[in-house]
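Okay, structure first, notes after.
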Amino acid sequence: MASLPGYDYEFMLVTDPRPGSAVAHVQINRPGKLNAFSRAVWLEFGSVFRRVSGDADVRAVVVSGVGERAFTAGLDVGEGFVVEGDGDAARRAKGLRGRIGEFQECVSEMERCEKPVICVLHAISLGLAIDIACCADIRLAAKDTRLAVKEVDIGLAADVGTLARLPKIVGSTSWVKDVCLSARDFSAQEALEVGFVSQVHDDKDKTVRAALDMAVRIAGKSPVAVQGTKELLNYGRDNSTAAALRYTSVWNSVALQAADVPAALASVFSPDRKPTFEKL
Amino acid sequence: MASLPGYDYEFMLVTDPRPGSAVAHVQINRPGKLNAFSRAVWLEFGSVFRRVSGDADVRAVVVSGVGERAFTAGLDVGEGFVVEGDGDAARRAKGLRGRIGEFQECVSEMERCEKPVICVLHAISLGLAIDIACCADIRLAAKDTRLAVKEVDIGLAADVGTLARLPKIVGSTSWVKDVCLSARDFSAQEALEVGFVSQVHDDKDKTVRAALDMAVRIAGKSPVAVQGTKELLNYGRDNSTAAALRYTSVWNSVALQAADVPAALASVFSPDRKPTFEKL
Amino acid sequence: MASLPGYDYEFMLVTDPRPGSAVAHVQINRPGKLNAFSRAVWLEFGSVFRRVSGDADVRAVVVSGVGERAFTAGLDVGEGFVVEGDGDAARRAKGLRGRIGEFQECVSEMERCEKPVICVLHAISLGLAIDIACCADIRLAAKDTRLAVKEVDIGLAADVGTLARLPKIVGSTSWVKDVCLSARDFSAQEALEVGFVSQVHDDKDKTVRAALDMAVRIAGKSPVAVQGTKELLNYGRDNSTAAALRYTSVWNSVALQAADVPAALASVFSPDRKPTFEKL
Amino acid sequence: MASLPGYDYEFMLVTDPRPGSAVAHVQINRPGKLNAFSRAVWLEFGSVFRRVSGDADVRAVVVSGVGERAFTAGLDVGEGFVVEGDGDAARRAKGLRGRIGEFQECVSEMERCEKPVICVLHAISLGLAIDIACCADIRLAAKDTRLAVKEVDIGLAADVGTLARLPKIVGSTSWVKDVCLSARDFSAQEALEVGFVSQVHDDKDKTVRAALDMAVRIAGKSPVAVQGTKELLNYGRDNSTAAALRYTSVWNSVALQAADVPAALASVFSPDRKPTFEKL
Amino acid sequence: MASLPGYDYEFMLVTDPRPGSAVAHVQINRPGKLNAFSRAVWLEFGSVFRRVSGDADVRAVVVSGVGERAFTAGLDVGEGFVVEGDGDAARRAKGLRGRIGEFQECVSEMERCEKPVICVLHAISLGLAIDIACCADIRLAAKDTRLAVKEVDIGLAADVGTLARLPKIVGSTSWVKDVCLSARDFSAQEALEVGFVSQVHDDKDKTVRAALDMAVRIAGKSPVAVQGTKELLNYGRDNSTAAALRYTSVWNSVALQAADVPAALASVFSPDRKPTFEKL
Amino acid sequence: MASLPGYDYEFMLVTDPRPGSAVAHVQINRPGKLNAFSRAVWLEFGSVFRRVSGDADVRAVVVSGVGERAFTAGLDVGEGFVVEGDGDAARRAKGLRGRIGEFQECVSEMERCEKPVICVLHAISLGLAIDIACCADIRLAAKDTRLAVKEVDIGLAADVGTLARLPKIVGSTSWVKDVCLSARDFSAQEALEVGFVSQVHDDKDKTVRAALDMAVRIAGKSPVAVQGTKELLNYGRDNSTAAALRYTSVWNSVALQAADVPAALASVFSPDRKPTFEKL
């Protein structure tokens, strides 16, 4: 399936699997390397989501990996992500800070993307796979997914977001610390039980289909409502209740002036009339 | 059953179902409209909880809806909650901010109420039902409850508290975003599994009874201990651990001077002697 | 089993149950009093964890209680933890603030300890047992454990950390408020279901063994990775995502300069070679 | 001068000294008691500012005291502001918390008032005078003003806002702590030098006139711009720069849709044409 | 004077006025329009500082405007900064949020720039001039500078940073609100007295010379020390003291491993030996 | 003058210069080394203030240096404050973090000390002198004091508190960054003008005398009021206004129950009767 116009990348495949539904399917596309991330991959990853965020023709996004073997095996350690550099420890630290910061920025673009993102985890989903999944809004997994916060096993603390986000995403810190400190594998079923993913399906295909169905449903709703809901939930997670209520009232003071509320209300009372909502 | 003296409202029924136990039962009382909220309803709702909060004769509260059909169907959209107004977008925004703020304030009175509040969800519990339930301390549900964060379906992002509070109330953000973005129904059982409610009972009656039993138990304990526990848990939720520990030590530096500790200790060692605690 | 050299305490037993594995086993050692805490006990408790934190020979810690009857029954109320004092309410309050603060500090040493701490709950685990468990990184429980946030029953709001930490540790605030306001018992199984503990085993022995196995696994990994992971997860819990990402990049800018990454990578590609990591 | 219609109070005089300018002059009106505050006074004080905040006919406010002798001498200690009550220390504390909270709320209404407030300090301006002045946007003082954070001299820490706000209002914490800990008098000139006030005039009349002139100028500008500026400065004071920038962009995304920008721009290019702005 | 290699811009002139000193002079270069900012200008402005931040050959920066007439007259209102767009208010709001956010990002690049930035205010310095100056580390002004937070006069609240930053930059909020609400002009002398600028010189030339001298001095010091100091001061401004101390210890745990400390110490004891520091 | 009983230190001299006034004078006592700080000195420094904080016989503190030549010349760089250690950069970083943290803790004890601390700066007051002065409540300086944030000149960013606290202590960030980035000397007069100190006196003796007079005045007031004022001002500096108001009401709910308010009020109305206040 050809890439959406304007989305030509080497390591990212962006398609329109349900034409007319305003859903984009973003796939990590380096199957020969188990979809591992070199620097080139993460720069493209950031670029895709920056673009999607501003593309009024896309209203919901599904993310998965190309192929049957992996969502992603994580960082491509063969590609020299470590800044060799010379100079003393402080000078090497500056280089590393810059490199980590750039990597974090690219992955965070998925969280900042103003459209809902549904992440499909499948097969090998290690290390960076979890960092990425933490930036999605909704996570689904195929039954056979092999998940792990693997970083401790290569001698480092995960630095692309898992440790910053996982404690806010899953309710049990005992479980969070168990998997982060031990680097042990956990199954899709375990991920479901602790709430890391919210659905498990039999295989990758079925999971992708479930994700696309969900994306289509969301994309059919008012984008003012959907994008506002995403923004306000993210704000609520990181701020006190009082601050979040105030922000909500400022945000909605203009959102409620959209044509979407009367359009949606009309369809509530005439359920056979599907509302249409202008692009946003 | 007659309203408690001093609690005369048009849309709120406040009774004393277990005389002598210091438990108030607050019921949304507009069954002909599925307990939907017009502005008059939410003003009364705020007023009830402001009063309960300062009423030393009430030590715990149960909230439910009158009738079998609904806890509440949400906002009464026929009652013009939208500020029509004229003027440009900024001037309409000011009106909307004021209206949303007033509504938030009224619902938040339940969270600010210094007495524990147990919310019984039953039958139709849509939209605003979730905003309200998020302000309760403990949530129970009847088996047949029909729950949904419905706002997206009427073209808006929920603005009376669900998006500010739900991410802090339930452990799985994947589930939170699923139900908030899709506006889909979820059952009492699903609510139990993700931890949104902590008990499910067979029908409304049994759930109300379980809630009243729980309220009676709590109301029988030291109000200094109970109200302090509520305050400190809310503080802990919205502040760093270090700040919460400090606040706790300041709070308890006077609470521990109450007569309640010796009274409670005495009964621990003589279990047949039920302690009595002064009003607070 | 003799105490580790340098760890001689009256109420704390610190042993090395798996020699060569860098795992310390800290046991509350006052079985005749159900491991209840007097002031002398909590001062020693703080002291142990301050020492462990800086001891490069210890890489992971397991905590439990001596004997079959209790992890701990909580505060030893017979030992006058209440500051009697004279003077007016404000002067007594200063004394109480100081005493609570000291107690909080001692218990918090376990949270601040830079090594992962695995807490084994068993038998009677009331009140303070929960405050302590909240400071651990990972919680396991024996099947027959009797758990309760008991403080309300002795007329006070828990002030040594449960109310500050539990809302951030367990995903369901409805459950948190239920157990904190009602002071009711809950079982190991219930604790598992809500995510307070992450494993339940048949009896105390099996649970301790599971905890030691877990500790040995963690202690065999890079201490730079493990201690950094603990630090960054704690930081992520108490700070916004943006702040946590920034802190992570600063932290890892030097951690990545350790010899541990190449050592760990080498072993990834030669799985039969177990990496060794220098002390930290 | 008669009170503005709708502003009938016993202890507050609200006039319209510059008809047609949309400026309200609020005066504390209890000169026989040096404008000291009993509970009745502070309840009215809160009520005035709540009303002004929502009154589209008022665009700027000047606050001063009636008479030559005092802005205010502070709390009317003869009026039993201390909650006598009986019960133990914890129960008296609850009463006091309620009373302090109510008092703080009333004074804070001036800060929350959406219109700019200019405070004229003159003659005796002790204790509560500073709490009140801290809630104003701009402070002017007459030359002979006698200022002091007097609370320490009556045995208490100021609790109506001075200690919460002064460190954020004046640049020198050394000076702030000096005047708060010593309760010493300071002059208008000293207040000017440290930046607590921004203008000093020869006497009360001249200061009031300067304040009214300033209020008239501000009231002539776009209320969308003026009220937004007040809101965003307050937000900037209490939040990180990143959060404040984000909030600003959301706020202005609707404010910029007002008719005020084109109206103001038109007058910039035709300076003889005074723009008029719709009420807000 | 020719632009530094690699710094070719249409509206920004970047020179090396003190060769060998590692000081860059960035000048806003649109004198025919009083250095007013169109979108093209602010995009270049952001680009310059992003580049400078990562350029190890630049250790300190001076910013001023080309020509004698203006630092900058602010936004070029003739260049359609308002997003006309169609659609309802919510859709126009999304466009405006995006535009404001982009503008804020570009100006904030100066604050984020890891090298110290000294801003020279001179002649017309209105509106955006203050937003920009607030992002500098140190502000100097020529005697004749005409300063104003002008936005209110064109019907809007300043949204590119002044309102978010000024309350944290200048000690007197009374003064801050005076100039922001009234949009009145203030002089270099007044700016000096309130601490907005820290030096005033006779004319633009002398001020630029003073700024360059200061930049040369700073650029001669250890860049590890200088850039760390900037980072930690910014962090200290936006965070609690406890958090800032912790961040400082993590930051310096690697910075102190630089060769700069011994190099600097050597020169302290042999004052005739000027230390040299490696690039950073 | 002999040390106060119980205050025997090698490098700290603690005296009682105004017997009966409850004022302690703490002097850094290593004049032969210009009062420079080795590790032994800072450990004692922390110990003194921890003790003073809990000593009910001390109600206010003055800090200065022994001798005419220096308050302190800063860190004793000859005493190996740098952790040499071996191991890789990450392991050295852990040692440095520990060392910096310990040093910060010791200096911060002065800020945490519950009694007001007045710092007298005189003669050489470099580097650490500013870190220490930032922890005092009130700062005075002798005319000839030579002040500088000197750390940049020895190749490091100040890490014992100056960068975390100075931006909150002085109103002009332009000045703060100037002195921190340039490491230049500034005079007592300049310190006065920017508000870093609040009084300048002719020489050390006169400054100490002024500080002692101020301390005696403060020590004569209600310690409940004075210590509460210090606590609440510190809280106000680091928290939002809303949080600070809430904390204030909880704090004062018990403080107002002290006997100090009636005692102080009695003396207000009978000015010849000096109130006495119980120890705290």
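Think of it as A, B, C, D, E and F in the order they're written, each chain with its own count starting at 1.
Convention: contacts are C-beta pairs under 8 Å (C-beta built on N, C-alpha and C of every residue); 3 or more make two chains touch, one makes a residue touch a chain.
Note that the coordinates shown come from a computational prediction; the quantities given were computed from them, not determined experimentally.
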Quiz item: Roughly how far apart in rotation are chain B and chain C when fitted on CA atoms, stated in degrees to the nearest 5?
Solution: 120
Exercise. Tally the contacting C-beta pairs at the A-C interface and at the B-D interface, and name the larger one.
Key: A-C
Self-check item: Computed distance of Cα centres, chain E from chain C, in Å
Solution: 47
Self-check item: Rounded Å distance, chain D centre to chain E centre (Cα mean)
Solution: 33
Exercise. Check each residue of chain F and list the ones that touch at least two other chains.
Key: 89, 92-94, 168, 170-172, 194-195, 224, 242, 250-251, 253-258, 260
Quiz item: How about chain F: which of its residues touch chain B in the complex?
Solution: 247, 250-251, 253-254, 257
Quiz item: Tell me, which parts of chain D touch chain B in their complex?
Solution: 54, 87-91, 93-94, 98, 224, 254-260, 278-280
Practice problem: Quick one: which bits of chain C touch chain A in the complex? Just the residue numbers, please. | Solution: 116, 136-139, 168-172, 194-198, 214, 217-218, 221-222, 224-226, 228-233, 235-237, 240-242, 244-246, 248-258, 260-265, 268, 275, 277
Quiz prompt | Touching residues (chain side chain E, partner chain D) in the complex | solution = 77, 82, 89, 92-94, 96-97, 100-101, 104, 108, 111, 151-159, 161, 163-168, 170-178, 180-184, 194-195, 238-239
